[in-house]
Every structure is written in structure tokens, then in C-alpha cells.
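What follows is a group of structures, each given as C-alpha cells.
Next come two complexes built around subunit A: one with subunit B, the other with subunit C.
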Partner chain A sequence: MRTRNTNGLGLLWLFALLSLAIPSAEGAEKIGAEEVMKRAYLAEYYPGDDMKAKVLMRLVSGDGKERIREMSMLRKDLQEGGEQRYFIYFHRPPDVREMTFMVWKYPRRNADRWLFIPALKLVRRIAADDKRSSFVGSDFSYEDISGRGVEEDVHQLVREERLDGREVYVVESRPREARGTEFSRKLSWIDKTTFLPLKEEYYDTRGDLYKVFSADELKEIQGFWTITRRTMKNVQTGHRTEATFQEVRYNLKLSDTLFTERYLRAPPAEVR
Partner chain B sequence: MRRVAILKLWTPILLGGLVMPSHVQGFSLHGFVEVAGGLRVTEDSTQPKDLVLGEGRVQLEVSQEWKAGPRLFLKTDLLGDVADEAVKVDLREGYVDYSPLPNLDLRVGRQIITWGTGDFLFINDVFPKDYISFFIGRQPQYLKLASDALKASLFVGPLSVDLVAIPFFTDDTVLTGKRLSFFDGLTSQIVGKDASIVLAKPPQTLANTEWAVRLFRQFGSYEVALYGFKGFFHSPLGVRDPGRHELFFPELAVYGGSVRGPALGGIANLELGYYDSLENRAGGNPFVENSSIKYLVGYERQAQTDFTVGVQYFVEQMLHFESFKASLPPGLPSRDEFRHLFTLRLTQLLRYQTVELSLFVFFSPSDLDYYLRPAVSYKFTDQLTAVLGANLFGGAKQSTAFGQLEANDNVYLRLTYGF
Partner chain C sequence: MGKRLVDFSIARPKLIIALTLLLTALFAIQLPKITTDTDPKNMLPITSPVRQYNDQVERWFGLHADVLVLGIQHEAGLFNPESLGKIARITEEILKIRGVIARDVISLPTVDDVTVAGDLLRAQPLLADVPGTALEAETFRKRVMTNRLLLDRLVSRDGKMAAIYIPIDKGVSGKAIADQLRGILDRTGGPEKFYLAGDPMVRDTFGVAMFQQMGLFSPIAGMVMLVVLFLMFRNWILVFANMAVAMLSIIWSMGLFIGLGVPIHIMASMSPLFLMAISTDTVHIFNEFAFRFKELGTKEEAIRETMRTVSTPVFYSDLTTTAGFASLAIGPIIPVRIFGLLVAFGTLVILLMSFTVVPAMMALMREERLATLSAKNDLQEDTVSRWLLKLGRLSLHRRKAIVLVGLILVLVSLWGLQRIRVNNNMVHWFKPDSVIRRADRILNERLGGTATLYLVATAQAEGAMTDPQVLRHIEGVQRYLEGHGLVGNTLSVADYVRRVNRVLHRDDPNFEVIPDSRESIAQYLLLLSMAAKPRDLNSVVDYPYQKANIFVHLRSWDAVDARRLLTDVQKHIASHPLSGVEYTPAGIAYFNMVWNDEVLVGMLSGFILSSIMVFFLIALSFRSLRWGVVSFLPLLFTILLIYGVVGFVRKDFDMPISVLSTLSLGMAIDFAIHFVSRFRQRFRETPDLDAVLLWTVTRPGKGILRNALLFGLGFSPMIFSALTPYITVGVFMMAIMFLSAGVTIIYLPALISMWQGWLIKGTRERLP
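So, the complex of A and B:
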């Protein structure tokens, strides 16, 4: 199943154009919550056929101590909305510098993950669970980085409103399977124009708010609206992570072979 | 000595690298500064010092890359060693990477080579190890020693072929009594600082070049590999002259394979290796390691958020056990036909992964011995890390792998600043 399905992308474009063509957002077509979340999933995690970016994460603790994660990231979609490959090369901090991390993501099962430790020249498999593991000690989970399947939750359109001057759908999502999921309820503010999430609130199993996501900066890059600065804040611990995406490029025609053990062990020049 | 001698050749290049401004395209300089200390916490009458680890270390990593050309990589340790009362320079790695063809990568020079699926258990990773560093609490990277080698990696469709030629022999750093006491099979007693062992390395000839090969392919989520090796045991598992305590490195061929992939919500691995002891094929020479088959099965999964559990079961089967038993001179310690070994790894990350609690356990139900490696690490900042840990050994008999180390229990502390 390595054929690239561009229909989804085409649809996305069509919707984007449609929403632009309609002068007032109030008059926007009525769509269901599930459909909103499907489009949001594609808009956030699948723009372009592939992507390259430099990601800078600032991890700030409640008492203001700051840590930095700097990495280069490559992403390639095998199917729109389906299988994906990620390649991450760490520049900072010193203890993870030159480590490479490769993910083969599947729609309905745990991703395959490999980590290369250069000091030992060792390729490890990572047994981490997508849903509950923090990505490099940040407030983002693996799932926040590579997406949570829309079908894993039940979605309900709560209301439509304006957020920071943008028309949004507010959607409530509850996991179909409570087991193994950190949140019991999630609220998403989905921009009607770009279908990107502008804000998300995560409620824990006790029903208390614990994580808040915000899209702090949106840019249109090669025709794809992209969240170039985002924050995930844990309101219970005060810890937050700000991620900035720089040098974002889409549709570089990345080769499948980049996402193999060869380059895990010897990262290609384009990420170093 | 060889390491130091070769370093002299590299020094001008290394210094040349250091004086280059760091903004030069393709150049990078990194490394760490570390102080580490470790004390023996058990009484050992064979050792005058309780300091098993006491060192200040600077590791410098220099790389220079030319656009679409080769890449030079050097990693050198400067080390002040209080336990040995010596200042040392160690070229850990020094190699050039070059790809003459799109599907061919070459690496020439001093390089660490790692393959296989075991976690601190090695079957097809026959490359040299420094067990002393492992036992006294140095960073895990010091368990692996580099080989002076040429590695060619060829990529044909989904298949990778690694071919390694090692013309210069590097032996494991094994127990010789210097820091840690051990069991001397020839005298059947625990010996320490006064142990006298002569190690006879294979002569440096072209015919003694070691060869290693790995065929690797991924089938979906599963990694499958076949391995071959022709060379020498890297530990001195042969006795040439029992009177002089002269040990040597017998010829060895290894054939093996491994599979690794997802299973039961975690990662499982299976690895096998047939060790053909070429100088003792009939198995009737008790002074040369017998042929064996080694089996490993492992499983790791995340049990809770930031808590991971890994287990392994390892079996080593001596292949000519009857011949070994029949030829064993009276008074020498015998061995079992099967050695069984379990390992357990527990890792708990806390406080946004700045605190790591870990425990690694080796336990052999056949040897009735164990080795525990508890550790706590704390990242003060992105640069500064402290690790407090221990190495605890014990067993029912003095002659087993971990039982012989019983008097070497130690506690260590490392403080590392990376840049």
C-alpha cells in the first residue's frame, strides 16, 4: 500500500477554497463534528506529501527553569490520512545531540519507533505507548506530535464562536476507550478557514482541566496553513512547552529510503 | 600502548581542527567534562585500594564535513586517572566516512561497531568490550571499544549488507586483577592486584585479519538479520601455558541470526549464535573454550506512563560437554553444559524526564549468581547531569561469572557537563 492517495489532499484544497470563497463565515456550510475533526486531523498532520522543518522546543518548568530541545524533522505521508514516516535528528541538548529517531506511524496500531544512540552506535527499538508517553520530556505526548486517530473518539459539536477574531467550531471529544488514554474529555477550537486547532483543553480522568494547547502563530507556507508556534501548558504543574517550527518546507519529494536503518545510523546531510 | 601511539599521528589533525573557527561550514566541536568517583564497599583483602573509580575526563568530539564529500570524525578522551595514578589520552574513535556510490557507504578507521538485539547481552555483537568500565560505573558508552577496521555498507533494494575487515586486533578489557579481584581458574582462588597474567595477542599478520558480515532486512515492522564472523575470541579464553599463566585468544567463527519487532504490546527480540571454537572443534581440550550455541529471547514494554520493563532469557549451551568433562584435569573448576541467565531492566522517568531511576539485574539460576546495577540520574540543566549508582555482585560459588566479583561491590558518582 505505498501508493500515494492525493484525493484527500485535493478535497482539503477544495474545502479551503470553498471556505475562502464564501464571504461570511456565518454562512459556512453546516458540517458534523466528526467531519470537522477529520479535516482538522488532515490540516494539522498531513499538509503536503512531505515536510521538513527545524523544531525548537522550550521546556519551561513552573519555577521558570528552561530546557531546550532543537531538532530537524522530516515527514513523509504514504497515504493521505494514513501511514506516515518521521525522521528526527537532535541538535541540542548535548546528551541527545546526534541521536536520530525514526517513526513509522500506522493509523490503527502503535507506531514503530527506533532510536539510534551514536556513542554506542546502537539502534534501539522504543516500546513506548503512543498515548501516555511524553516526547523528549516535553508537555507534548507522542500522540500530540503525530496525531490521534479521529475514530478513537466520539465527537460532538458544542458551539460555534469567535476566538481571537476567527470563526471556530468548538468540538468536544471523548475517548471510545477510556483505558490507556490520559484525557477523559477534550475541547477543540477548530478554525473554520484553515481547519487548524487554535486551542485545545484536555481534562483528566477526574474531570479537571490539566493541559491547554494553543496555536500562537499561523503562517501560510507554499499554500499550506501551518502552526509555526504552539504551546502546550500543563495547568496543574505550571510546566509548559513552546514549540517553534522554522524553515518549514513542503513537497520536497523525500525518498522512502531516508526512513530506513541506513540513515538512522548515518543521518543524511539535509538534517545535520 | 597502541592507542596512544596512533594518537600521535592524529594529534596535528586534531589540533588543526581545534584552531579552526567554529563557524566554518561543516565543522563542529562538542564533548563533555566529567568527574567520577567510585568506592569499593566490601572488604577485599587482595586489593590495597578501595578507590575503584577516580577520574577527571574531557571528551572532545570533532567533525569536519565537506559538501558531498567525506566526513572526518574524531573522539578523544583526555583522562586523569587517580585509581591508576596516570594521565591518559585515548582516541576513542577516529574515522572517515565516504560514499563513493549512492548505495555504498565506507567507514575507515577506529570505529565502534554494534549490531545484534541483546540488552547488555551479546551474541552476534562480537566486537570488543571493556567490562572493567562496565563494572566500575563509567558511562555505558565505555562498555564498547572501537575496532581499527574498514566497514563497507552496501544497500541493494531493501537489503543492507555490512562487511567489516579488522586487520588490527583489539581485545576486550577483562579482569586482570588491577582494580577488581577475580577467580583464577588455574589456581582456583580469588586473585587481585598481585595476579600475574600474560596475554598473548594474535600476531599482526594479514592472514589474521578478522572478518564480520551482517545481512539486514526489514519485513514490515520486523527486523531480520543474519550474521557471520571469522576471527578470534576477544576475551582470552585459551590457556597456552598454565605454569606461566599465559592466556591467548583462540580462533573463532560465529554464525547467527536475529529477529526483532512488536509483540504483545511491546518489543520482542530473538537471537541465536553458533560459536565454532576453531582450535577446539572436538571439544576435548579443556584449556580452550568449547564450541557453543547461544540463545536469547527478550521482551520490553511500557507498563505505565514513563515506566518501562525489559526482560531477557539467555542460554549458553556447551556443545561438546562430554569431551570437556572427560578431559578436565582434576582440581580445575567444572562448568555446566547449560548456563541460564535472566536479566531484568526497570526504568522510571520522573519530573519531565529529568530524573531517571533504573535497575538492571543479571541473575543466573544455573550458576546461582547475580549482578545488580541500580542507578539514579538527575539532570540539573540540559548540560549538567549527576548519576549515583552501584554495582553489586554475588553468588554461591567463587568460580562463576558474577560470583567471582563478590568482593568488588562498589558505589559511584558521576558529574557530567556536556557542551
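So, the complex of A and C:
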């Protein structure tokens, strides 16, 4: 297994990090849309140095039929705002128990993924497009789970308003490269205090609303605001996915070696 | 009642006409509110079990009811950079069309494909990047040709035809989308040929064309009748009166139903033609009036005498027609009910007009004009009546021979009747050389088939679809289906699982089988949901893995073919059962089959019921069961002959024919009613059987002939229609008219003469 360097982005991320570190007097400063989205990116996808959670996904079809995906999810950041590693261990449905899944995420290019199929005792690397591939059959794409690069879109601050009692920025994002992107326009409601997205609306290439994200429950865990319950609903098909994050823990000092093929085949007890 | 109404109309003709016009205006202002419904699916109510089940299946598997198929053909092969680029561009354009369900369009650039290179599985759209060179195009061809999920469905085996499946939203016109698609294709150009097929386009195109043809042929039929009427009577007021009755009944009945908010369905759109045909019944009034005026010389007296003699047959012939159509209202099919009630109401309007507007208009005619009418009528009478007289003599003197010929014809017809095939095929409602039919034919030859059937396998327990035994059974059913000549190709969850198994084993064809363990299948399915669009998988297996859907593409839209296939496959399943798994059909091909049965059976039972009602009505009108039987015989004979021919020439007994059968009943009986009722009137006055029969043949017989001629010629232009049901209507109407007129004029004298003892002596006491 190879490790990859990422250059070029360092400065950008450093800048992003710095801007996050500067405490802001409430309402006193005006920040740009790009800035809001950078902070949101970090707040949602990079809290802590690593993370572990038990994720329960309910995939609900338009006529109310359900599929369950229960998994342990581990994340480790190699760089704040940069490369990340994910490890997923499936608990349910029972037939897929012990299936494991690993993602090496790189900014600006498709992630590498490995899947271990216990029935065949086989590891296969999977190359798929992050932008359109569904995460384990849910309404979340890989991009929705691990984040879409802020620089991939042009952002514009539409307005500031209150959403469910919280002050938010409403930012409109349009992809720089229309080809290969499922949405033509995205609206995000970014909480001014936590910088977490409370709601997102995705519009398809014809300009019709098709996906709505909502953060249904926010909790502060070890000082990090975390979306512990979220829903992605496809309003065109009626299909929706509810994801609940339980037993969330940050900064566990996860080892790099955990995210290798060896552990994919024989995951240690700590990942289960 | 009728007499008083007639007297009043003659006394106050202007008032009657003014009142009629006022009422007509009231009905006419409703007409612009018209709403139409051309979806044959609505023939069955939403609550019908087959619709409910179909909707349910669509929900289970996220399927779309309405799918268009676009075929792209290049005789030199499609696997070259230009053609593939064209497919990619066309697909992109299609995704932009409003009403197209873009997320589920299946085309080379949108369908997901998993390929393997060593340990790497690559999941991406099949045609993510268009090959730039001939060599790359060839590599791409090989990739496609080894994928069973694509072959015959998206690409033909010879590589010359590709398909795009385009689902459209409910309520969107398939024709409107098809027109936009044609716009895109017209702009494309090049050596490729394009073919469009699919149920929504066929049915919506038919719906639009039907209303267009109606708008074209109703006036043409009206014009032809106008000319024929004028040639018969040489009097514009008479002609106008006759046409006015038709128009008024159309405006009143359409106005009433539109005003009540009833949508006009394909079937009801035919009612103007039907009403025009039924209104020709008033010809009998004018025919008799022409005779009477010549005999009596005074107009008012002639009108009174005419109405006195023809009122009973006119009343009963319109009443039987009304009963015939009204009986359709008992059936379960809503548009058929509406159609029946609409025509029944229109017929009652015609009846009312016959006793009010018709005498009123005759009263307004100036006598000197009428003199010319009768003079010209005389000239005609000489040739036509003389010819009729000869015919009457023949039928009286050679009655046994004539009846014998009739019996032989009945036997031949019965044999033809057995050959009748009850079938419906909407594509065949277009002419064989039409664009739609050609496209359907070519796509069916090259690809898997344009008609979709779903075969849903349901297990008793959740998770059953991860059981290798179940998947292998589904596979067995698929192999059986594919061996059946009617099926182009099939697709199921088993195909996906086999494909994953092969891909995971480094694309080794030996692994294109169902794996042995439950876990493998479950894990493959999860892998699939990660590597491909989840909806692809959802369309073949439901959420709890309890039901699986087999897509079956049929090469024929014939209802009989769908039934044959289903009977055969059920037989196969019964002989190779798997306990706990049941298979049930759904989908548009199945729906058409059930629809076919229910509509046709509904029409048939309506037909039988109205036959019985008509029989009792004539028996009642003659106050005699025996005369009822005699009058009913020509009707029976006509119908037997017509359907005998239908069976003989192997014309399918389909929707248009079944609608016409109800009309044939109401129309064919009319002539017999006129004949018998006028005969009996005359016989009471002068009891000389042969002389009265000959009189009836020449005088009311002439009215019958005129009626038949008017009616038949009025419908003759429809032979040139672009839609086959209209051609059928034209031919069928002419056949009914000429046959029933001929049968009435030839057979009734022979039968009455043969059975005079039974008919007349037995009822003599009742004849005053």
C-alpha cells in the first residue's frame, strides 16, 4: 500500500486554519462567502485529529420500506483540511457483518477505496466517482460524507437570516466545472456560531430541487460541535436516509497502521 | 303524446324553432369547457385490482409507468467515435427535456458499469468518455459485448442498434416529449437512423390523432350526407332540417356532458359520428312526406299523415337505439359508460326533434317549392321503386331458395365466428407503413422488445432474495422466458449478482454464476449499492429482499401474445416449483392484456344485454312476441354475417370493433322496425298479403334504402383515414347499413310470406 504526498494546498489550509483560530466578536465582522464555506468545511469534516463513532443509517424508500446499515466509522486526519483516512466496519445487516471498507481521501482527486468481502476473503480496490457514487446505497454521496473541496465551487453570500432560532449565513455555491457534478446550484444554511451546515438544498442541472440535507441534532462533544443526527432526502424520489452518530469520540490517537489492508482483513477489537 | 306535440309544432313552428335555438345556445356555451382524456389506462378505474397492483409494483421497485424507447441505428455499426459521440450528445439533450425523469434515463452514457483490472474494480458510467479513435471504439465494443446486462437491452448483438430508455413523468404527454425528441434528432443529422417507440408515445399520439381525425371526418361525413340528401330530395330545407337534427343532437349531448364536467375520452369523441348516423333515421319522415305530399297535395295534411304513420316506427327505432347504448352504462368501464349515456341522450334528442323541429320545419316550407320536390321524386321513384318491386317479387316467389341461401350463409358465418380472435394491439391502430409502426417493428427485430412485462417473484420471508436457491430459480424462469419466441430479453437481480461474481473473480466468465452462499450474495448486493446507482438495484429487488422483479421485454404488443407467454411461463413454474416463491405478472404488457379482457368482455356483455332489451322492446312495440322474433332475425343475420367475415378475414376483434358492435345492434334493427310496423299498418287497411308486402318493399323500402345509402356514403370517406380504427369504422358502418337494408328488404318479405300462418292467423284476433 502506498502513501501519497499532497503538496500545493498546504498554504491554503494553513490560512483556513489561522482564520478559524482568530476569535470573532459576534456580529462585528463581515466575512466573505468563500470564508464561510472554508470554516464550514473544517467544522463538519475535520473536528479533532481523529474520530470514532457508531453510525446507524436508515435508508427509507418512498413507500416507507427500510434498510438498515449499522457500522463503526473511524477517521484520522493526516492534515487539517487535507488528506484523511476512513475505516468502516459493518455490523448490520447480519449478512454483511465483518465487511470492512477503507477510504483514503485526497483533496482534489477521487479517493481510493478498498473493500473486504468476507465471503470470498477478498480485498478489492474500488475506483468510483466521489461526486455521483452513493455511500453504501444511501442518499449521501461520498462527497456528502467526506466533503467537497471548497475551491471546486464559486460561492456567494445570498443573505443572513435566522433558521430555527439560530443565526445563519445562506451561501449559494455553483460548481466551477459543470461536467461531472450532479448539482447545478447548492444553497447552504451555515450556523454562525458552530459553522456547521444546518440545511442544504441541491438543485439539479435543470434547476429543480432534488436533494435536501438537514442537521436534525447538534451536540457538543469534547468541545466539538457535532451533527449527531442528519437526514438527506431526495425530494424527487421520496427516498431519504437518516444517519445517527452515536458514541462519538474525538482525539483517540488512532494509529496510522490501522488504516491498512492488513487490518481490513482482520480488524482489531478497537474498531468494532 | 306524440300527436299533440306534432300538432303544436305545426301550429307554432317559429316558436318551436326559437325555443330549440335558445336551448341549443345554452348547451353550446358549455362546449369550450371541454376536457379530454386520451389515456386508455383510464378505461379501468383507478380502484381496479390490476391498476392497484401495477401501481404497487411500481412503488416497490421505483419503476416508471411511462417509458419511451429511442433506437439509434447505423448500418455500418455504431462503434465509431462519431456515432458514440452522437449518442452521448443526444442523451445530454434528453436529460434537459422537462417531463423526462432524468435520473432514470438509461443510455450508454448514463448506465453504470463495473470493470476490473487486476485488484481494481472501476465503477463508472459505461460511456463516461467518448472514444477518440477507431481502436478505442473497438475496445469499447468488446467491453459492451461481454456484458449480459447490456446486450439486447441497450445494444443489439450486431452492434448496429443502440437504445435509450426514457421514463417520463405521470401526466406528461408522451407525444409532446416525442415531438421534442424528434426536434433534437432532426438537428443531429448524419448517417444514423432514429426510431421512437413506447406505450406513452403510441397512446398519446393516437389520442391526439384521434381528435384530429374526428375534426376532419365529422365535417366530411356531414358534407357527403348533405350532398346525398340533396340529390335524394332536391330541397334545401329538407336537407337542412335533416342535418340540423344531427347537429342539434351533437351539441346538446356534448354540451350536457361537457357542462357536467365529464372528460371526453377517446371513445366519447366518436359520438358525433354515431349521432350523425343515428339521425339519418329522420329520412324515413321525409321519405314518407314526399310520397304523402304527392298523394294529398296539401302540405299540412301531408305532414299530419306522415307523422301519424311513421311516428310509431320512428319512436321505437330510436328507443331501441337508446336502449342499446344506455345498456353500456351497466358495464364496469367508465369511458364506455359515458359513451353509452352520451349517445343514448343524443338519440333521445333526435327523437324529440323528430316530433318537434322536423314537423315545424316542414310546416315552414313553401308549397310551390315542394311541388318540384315531388316531381323530381317521381322520376326517381320510377327507376328505384321499379327495381325494388322486382326485388320484392323475387323474394316472394323464390322465398325457399332465398331462405336456403340465408341458412348456408349462417353456417358459413358460424364457422367464421369460431375463428374470431379477441385481441388488442395499440401499435396496430396505426397503418403498417406509419412511422410509429415501422419504428416499433424495427426495434422489436433488433433489440429485446418494446413491450415491458414485469414478473414479480415474492417469497414468504424477508431476505429470501439472498438465498442462492431462490436466485437460481429466478434464473431458471429467465432462461425459460428467453427461450420463448416472444421474449427479447430479461433482466433480474440474479443477473446483477452473477455479474458481480464474475467481476470479483477478475472477469473470469466461468464465475458468471450465482455463488453458493447467502453471505456472498448479501455482500455482493452491498457492493453493488456502493459501486453503482442504488436505483438500478432497487428496480430489481425490493427493500426487505423479499421480492424480486424480472424485467421481460416482449417483441409484441398483442394482448393474445402476452396471455400465451403468461400461460406458458405459469405452466413452466408449476412444473418446476420452488416452495415459498410465487410469481405474479405486472407491467404495461400485462395491463394491456387485462384491459383488453375487461373492456372487451364489458362490451360483449353490454352487447348481449342490449340485444335482449332490444328484442323485448320490439316485441313490446308490436305487442307480439312472434313479430318480435321475425324482426329480430334480420338483425341476427346481419350481425352473424359481419362477424363471420371478421373471423374469416382474421381481423382481430378489438376495441373499435367491439364499440361498433353496439352500434350495429341499434342501427340494424331500425330497418326491420320500419318495415314490419309499416307492413302491419298497411295490412290492417288492405289485408292482401303479397300486395302489401310488395308495397312495403317499394315504399318504406325506399326510405330504408335511402337511409342506408345516406349513412353508408357518409361514412365512406373514413376509408382514407390515417388510423386503422377509423378505416374499420367506415367499412363496418357501410357494411352494417347495406347488409341490414338488404337483409330487411330481401328476407323479411320471404319470412313473413313463409310464416304467414304462424304470424298472421295466430294474431288475427289482435289485428283489428
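The rule is simple: the second predicted complex is superposed on the first by the 244 of 272 C-alpha atoms of A that agree within 3 Å, B and C clash if a C-alpha of one lies under 4 Å from a C-alpha of the other, contacts with A are read in each partner's own complex, and residues count from 1 in each chain.
Here is the rule we go by: a residue touches a chain if its C-beta (ideal position, glycine included) is under 8 Å from a C-beta of that chain, and two chains touch if they have at least 3 such contacts.
This is a predicted model, so every value here is computed, not measured.
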item: Fit or clash between subunit C and subunit B when superposed on subunit A; value: clash
item: Partner chain(s) touched by A:D204 [first = subunit B, second = subunit C, both, neither]; value: second
item: Contacts of A:T260 with subunit B and subunit C, given as first, second, both or neither; value: first
item: First (subunit B), second (subunit C), both or neither touched by A:T228; value: neither
item: Partner chain in contact with A:S184 - subunit B first, subunit C second, else both or neither; value: neither
item: Partner chain in contact with A:S146 - subunit B first, subunit C second, else both or neither; value: neither
item: First, second, both or neither for A:A119, with subunit B first and subunit C second; value: both
item: Which of subunit B and subunit C A:D63 touches, first, second, both or neither; value: second
item: First (subunit B), second (subunit C), both or neither touched by A:N251; value: neither
item: Which of subunit B and subunit C A:T193 touches, first, second, both or neither; value: neither
item: Listed stretches 169-177, 205-213 or 385-393 of subunit B, narrowed to the one that overlaps subunit C; value: 385-393
item: Intersection of the subunit A residues that touch subunit B with those that touch subunit C; value: 59, 61, 65, 67, 93, 95, 119-120, 122-123, 125-129, 133-134, 136-138, 239
item: Residue ranges of subunit B in contact with subunit A within the complex; value: 30, 32, 65, 67-68, 97, 105, 111-114, 139-141, 143-144, 153, 155, 160, 216, 218, 221, 223, 260-262, 265-267, 269, 300-302, 304-306, 308, 310, 349, 352-354, 379, 381-383, 385, 418-419
item: Residues of subunit A that touch subunit C when the two form their complex; value: 59, 61-63, 65-67, 90, 93, 95-96, 99, 101, 115, 117-120, 122-129, 133-138, 204-206, 210, 236-237, 239
item: Subunit A contact footprint on subunit C (complex, rising order); value: 59-60, 62, 95-96, 98, 102-103, 119-124, 463, 466, 504, 515, 517-524, 526-527, 529-531, 533-535, 537-538, 542-544
item: Subunit B partner contacts - residues on subunit A that touch it in the complex; value: 59, 61, 65, 67-68, 92-95, 97, 104, 110, 112, 119-123, 125-129, 132-134, 136-139, 182, 239, 257, 260-262, 266, 269, 272
